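Below, each structure is written out as structure tokens.
Shared between the two complexes below is chain A, which has chain B as its partner in the first and chain C in the second.
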Partner chain A sequence: MSSRKTRALLGWAYLLPYATLFVLFVLVPIVVAAYLAVMQFDLTSPRSAGFVGFRNFVDAWKDEYLQRAFVVTAKFAAMMVPSLVVTAFALALGLNAMPRGRNTVRALVFLPTMFTVAVTGILWQWFYNLEFGLFNFILRNLGLAPVPWLSDKNIAMPSIVLMSLWWTSGGTAVILLAGLQNIPRMFHEAAALDGADGWRGFWSVTFPLLRPVVLFVVVTNLIGAFQFFPQAQLLTGGGPELATRGVVQYIYETAFNGYRLGYAAAMSWMLAAVVAVFGFLQFWLMRKEAS
Partner chain B sequence: MRIRQALYGLLATILAILVVRSGWIGAVRGRPQTEISFWNGFTGPDGRVMLELIRRFNRENPDLKVSMQRIAWGTYYNKLMVAAVNGRGPHVFVIHASALPRMHRAGFLEPMDSLYREGGVPEEDFEPIVLRTTEFDGHRVGVPLDIHPQGLYCNTDMLREAGIVDERGRPKPPTNREEFLRAASLMMHPRGAANPDRYGFALTHWQNNYQSVFPQFGGRYLDERGNADLDNPGNVEALEFLGRLRTEKRLIPPPDNQLGWIGFRQKKVGMVFDGVYMLGDLKRLEGLHYVGAPMPVLGHKPGTMADSHILCMRKGLSERERDGVARFIRFLSENSLDWAEAGQVPARRSVRNTDRFRSMQVQHAFSKQIPHMVYPPRIVPLFEMGLEINLAVERVIRGRMGAKESLRIADENAQKAIDRDRAESQAPGGGR
Partner chain C sequence: MKARWILVATMFAVGLLFVAPMVLMVLTSFKPEAEVLNPESAIPRHWTLQNYLDVLNWSEEAPFVRWLMNSVLVSSSVTFLVLVLSSLAAFGITRVRVPGGGAFFYVVVASMMVPGLLFLVPVYFILNSMRLLDTPAALILPAAGGGFGVFLLTQFMRSLPKAIEEAALIDGCSWLGVYYHVSLPLCAPAMATLGVLTFIGSWNDFVGPLVYLDSIQNYTLPVGIALYQASYYTEYGRTLATSAMATAPLLLIFAIFQKQIVESMSSTGLKD
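Moving on, here comes the complex of A and B:
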């Protein structure tokens, strides 16, 4: 066998474990979900299963709870993505400016990202506990009234965003830091010679050169925000009064509490379509950026 | 040489494991062991009691081996449903009476009429209301293990401090609306002064608390035709009563404080409504003195909400497995007095009529409500209806909406779910 063929075979062999898992746990479920989406398929009445065409989609379009869940998800995305970008940017700029100890601080900043969402959720449940949580303990010691972090309709969502920020901003900051460090020093030096340092230098040199990275960060986090589920499930269960029940949670409840798999699959495809729009937007903007 | 010895040793170990695992030894002795898998959601202290019962059963029945799988109730039904619909479910499992309609329609529950007829489980030993929850199309699909009604827990120290005692100086839980309101108020202001950190009464699970109260006002879930009737006058009156506890009387903590049960554990709340199964949690506490009592009559008649753990068998078992499961179910049913210790009321009358059960204060007190219990409705879209009830109660307790309007919305949405379910279950790909 020629060495080229051997190399090709070796390449496939390396790919095989991942490809197998990808096919089993990504491709097959996508195909099954597409099939289910055009079926009436309820686990509680398997005998009445049958093809219904696009009826699940039509019903989902008119479903007030799904509309409300989309609003909640959009609200989360609108609060989360800008605050994440700003926080991560601030962290990245701070880290970039550090003359020494950067690696240690970077590791510490990145640490929460390594926790699973379950650990993070349980931890923050205790922080937010009305009676004996850390935050209200601090507020009480400052002589302030305790805050119903998770049980007030208007505060619950910002509370979830705050937890999500703590959990994810380290990872995003590291990406932005890598981008910052890739900017050749000579650009900053040239700008400084022209008198553009500080704030002006940031807007005229740093930010434009970092735009592709920022774009990547914004779009990937936007896509992530539309998959908003575990944080709310762990902290509020979607309450109070459904104020934090996003689309994924509604899909989950429809599928696994109501056992309506067909309808849930149709809603999943609708969510996938929304996410795909942002995905295409990213490709389009990045291609435009590159050209 | 050493390597060869090690290899022989390894081979011998593997062979020994294979022989033991295959049940060959039992077969040679003429007693092949039948493995029975048992799933339930008893992940708390109740799980330890159940485990002890299973160990005893396994000791007394060497030809059977029951192994228990405990899964948190939150995901239990998802896993059970998916496994059982595909014919891979456990041999025997626990289902709440309220979940039986869904599981029955999914088609994996084995009728168990013969167990009642000739299997040593006497039908007449069960309350008709409990037994009825297991009946579908003229067949019984399970054996009730227990009953868990909602009831009243009272902190006896707080009752005594508030002067709510009987003629012999013993703390006296309230039995009617007047006594309840008086107790709630007195425990909140024990010496005439308000204590912002202390309440005579607090809600725990709002939805359950409400459902425990509305039967007393003549409320119901469904009308005679099986349609949603969540906004009937009894339900509205009950919810108005609960809402007023906060909005007018200021007798319960603000709605943002949802720590009723924790408050009771911390001796900051004098009374709560909750299920008998919460007893296991209280038993672990030291220094908290409490009693259980039937729900006070806040409406026009006694009543409360209840549910039951039902022991069910999967379809498609072999004759030997069916026999083993039947023996196991009979064992649990006959020994449900031990199970009662975990914080349950046994389903069997003969078990409840024992001195040992009467000595279980909370369980015995809660069991007095059996004649007035109401089970959740026997409908498949119960999750959807529960969600609507929950939202309706939340809107009222938070003072955002009146009870009538809130329940009207809940009723309308619950009816939509019922209509959709009816249409879908009637014909393949049925209309919506």
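Moving on, here comes the complex of A and C:
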């Protein structure tokens, strides 16, 4: 055996353990997802497995519950992403301007991102509790009426967004802060000489230089927001009146409560297609930015 | 000058606002049940360990200690597997330079673009046909197949000079010896970051155990405490004691590895 062949065999011996798991749990699932999407596959009655072509997609397109879930997911993204970017920007600018104690405060605002979503949900459900929650306790002491944080269908979603902001804005602030600190000092000094400081300096110097980082933050969070699920599962269970049941939760319920794997797989592809559009958008904007 | 100190004070107040929920969680977990529902004083009037003792006391419906052990088992296995398998793969790609290794790397990186939700149903289907549902392996094996570790270590090894490894080879060291004695120690900083991030991700995973586990005995902490909270939602003292115990290991990790964690987060936006 030639030494090149030996080296190839030897090299693949190093790759094999990982490659096995990669093929089994990353590549095969993508193929299985495609296979399931064109099948009627119900775990409860194994005999129902049969090729149905694009019928799952046609059914999903007409599914009123899926349309509602898409609206809910879009609503979450529309509330979450702008408020996250603004909050994180405010935190990052504040941190960046601190002459002292920056690392301590950075650690404090970052800390919530270390929490599992389950603990986050438990904590905030306690705060939001109608009768003995912390928020309504404060409101009552101020002489105000208690707010049905999670049981009113117009307030439940903003409540979920507020919890998500506490949970994730510190992490995003850290990313933006790194971007701010990456801007060479001379840009600020030149701007200050030209009389552009404060708010004007931010819009004419800082923000344009930070555009790639902001773009990254917006798109990754948009992609994340479209896969919105555990927060609602824990806080409201998707209620009241399905007002907070997003697409992923509907897919989850279809697959694991109703055991209709084929239909759930088809809906997964539809949501993945929407998410992929954001991914391509990011790729395209970044290339435009670079050139 | 004065404005700067107002800024520092404001930012500290904001920082305290972010940790306040956690402080309230810990303080309340030391309150007797009668005081929990009465939030007039954040600090317990009568400190008690009763909530912790109740939770640690074995019960069939909420075996907290069992969940804790499951979490430790799953998270350490995932971390160990990811570190070993990804470093071996990165070594094969960058040092042995196996034919097809570069192409394999691109496939791995491309797969990281696929949104996670797409894997939920098919991985369930595959685990079901392998009879692995409702076992720790259902959480460990798919997590070890993820591409992040290979991506991180391959990029890191590519940035290192190959001279030391080549010298070791010429001195008669075997490839495996080079991997173990030269490459691994050189990769220590990247391995530390990868290990910490993997452990945190696995410890906090909620959707995986929710979907792939079935029996209460097999739950990990996040799903266990969510279930506990759903069935005993009025006993906030105990629920918060479980939450505090589930979070404590992470706070310890954060205290030790703060620099790595924050830096890895910082660099995510800068590279591309």
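As a convention for this text, the second predicted complex is superposed on the first by the 266 of 291 C-alpha atoms of A that agree within 3 Å, B and C clash if a C-alpha of one lies under 4 Å from a C-alpha of the other, contacts with A are read in each partner's own complex, and residues count from 1 in each chain.
Note that a contact is a pair of C-beta atoms (placed from the backbone, for glycine too) under 8 Å apart; a residue touches a chain by one contact, two chains touch by 3 or more.
From a predicted model like this one, the values you see are computed outputs, not experimental measurements.
In the superposition on chain A, contact of A:Arg7 is made with chain C only, not with chain B. Of the two partner chains placed around the shared chain by superposition, chain B is the only one that A:Asp42 touches, whereas chain C remains out of contact. Legend: residue contacts after superposition of the two complexes on their common chain; A:Phe256 is shown touching both chain B and chain C. By the touch criterion defined above, A:Val28 reaches chain C but does not reach chain B. When the shared chain is aligned, chain B comes close enough to touch A:Pro148, but chain C does not.
When both complexes are overlaid on chain A, the residue A:Phe229 reaches chain C alone and has no touch with chain B. The partner of chain A that touches more of its residues, comparing chain B with chain C, is C.
Common to the chain B and chain C interfaces on chain A are residues 43, 256.
Of all residues in chain B, those touching chain A in their complex are 75, 78, 81-82, 85, 102, 105-107, 254-259, 262-263, 266, 380-381, 383-384, 391, 394-395, 398, 400, 424-430, 432.
Residues 39-40, 42-52, 55, 59, 130-131, 148, 151-153, 239-242, 253, 256-259 of chain A touch chain B in their complex.
Across the complex, chain A is touched by residues 4, 7-8, 10-12, 14-16, 18-19, 21-22, 24-25, 37-39, 84-86, 88-89, 91-93, 96-101, 104, 107-108, 111, 113-126, 128, 141-142, 144-147, 150, 175, 179, 200, 203-207, 210-211, 221-223, 225-226, 229, 233, 236, 239-240, 243, 246-247, 250-251, 254, 258, 261-262, 265-270, 272 of chain C. By the touch criterion stated above, chain A contacts chain C in their complex at residues 7-8, 10-15, 17-19, 21-22, 24-30, 32-33, 36, 43, 91, 94-95, 97-101, 104-119, 121-127, 132, 134, 137, 166, 170-171, 174-179, 182, 213, 216-217, 223, 226-227, 229-230, 233-234, 248, 251-252, 255-256, 261, 264-265, 268-269, 271-272, 275-276, 279, 286.
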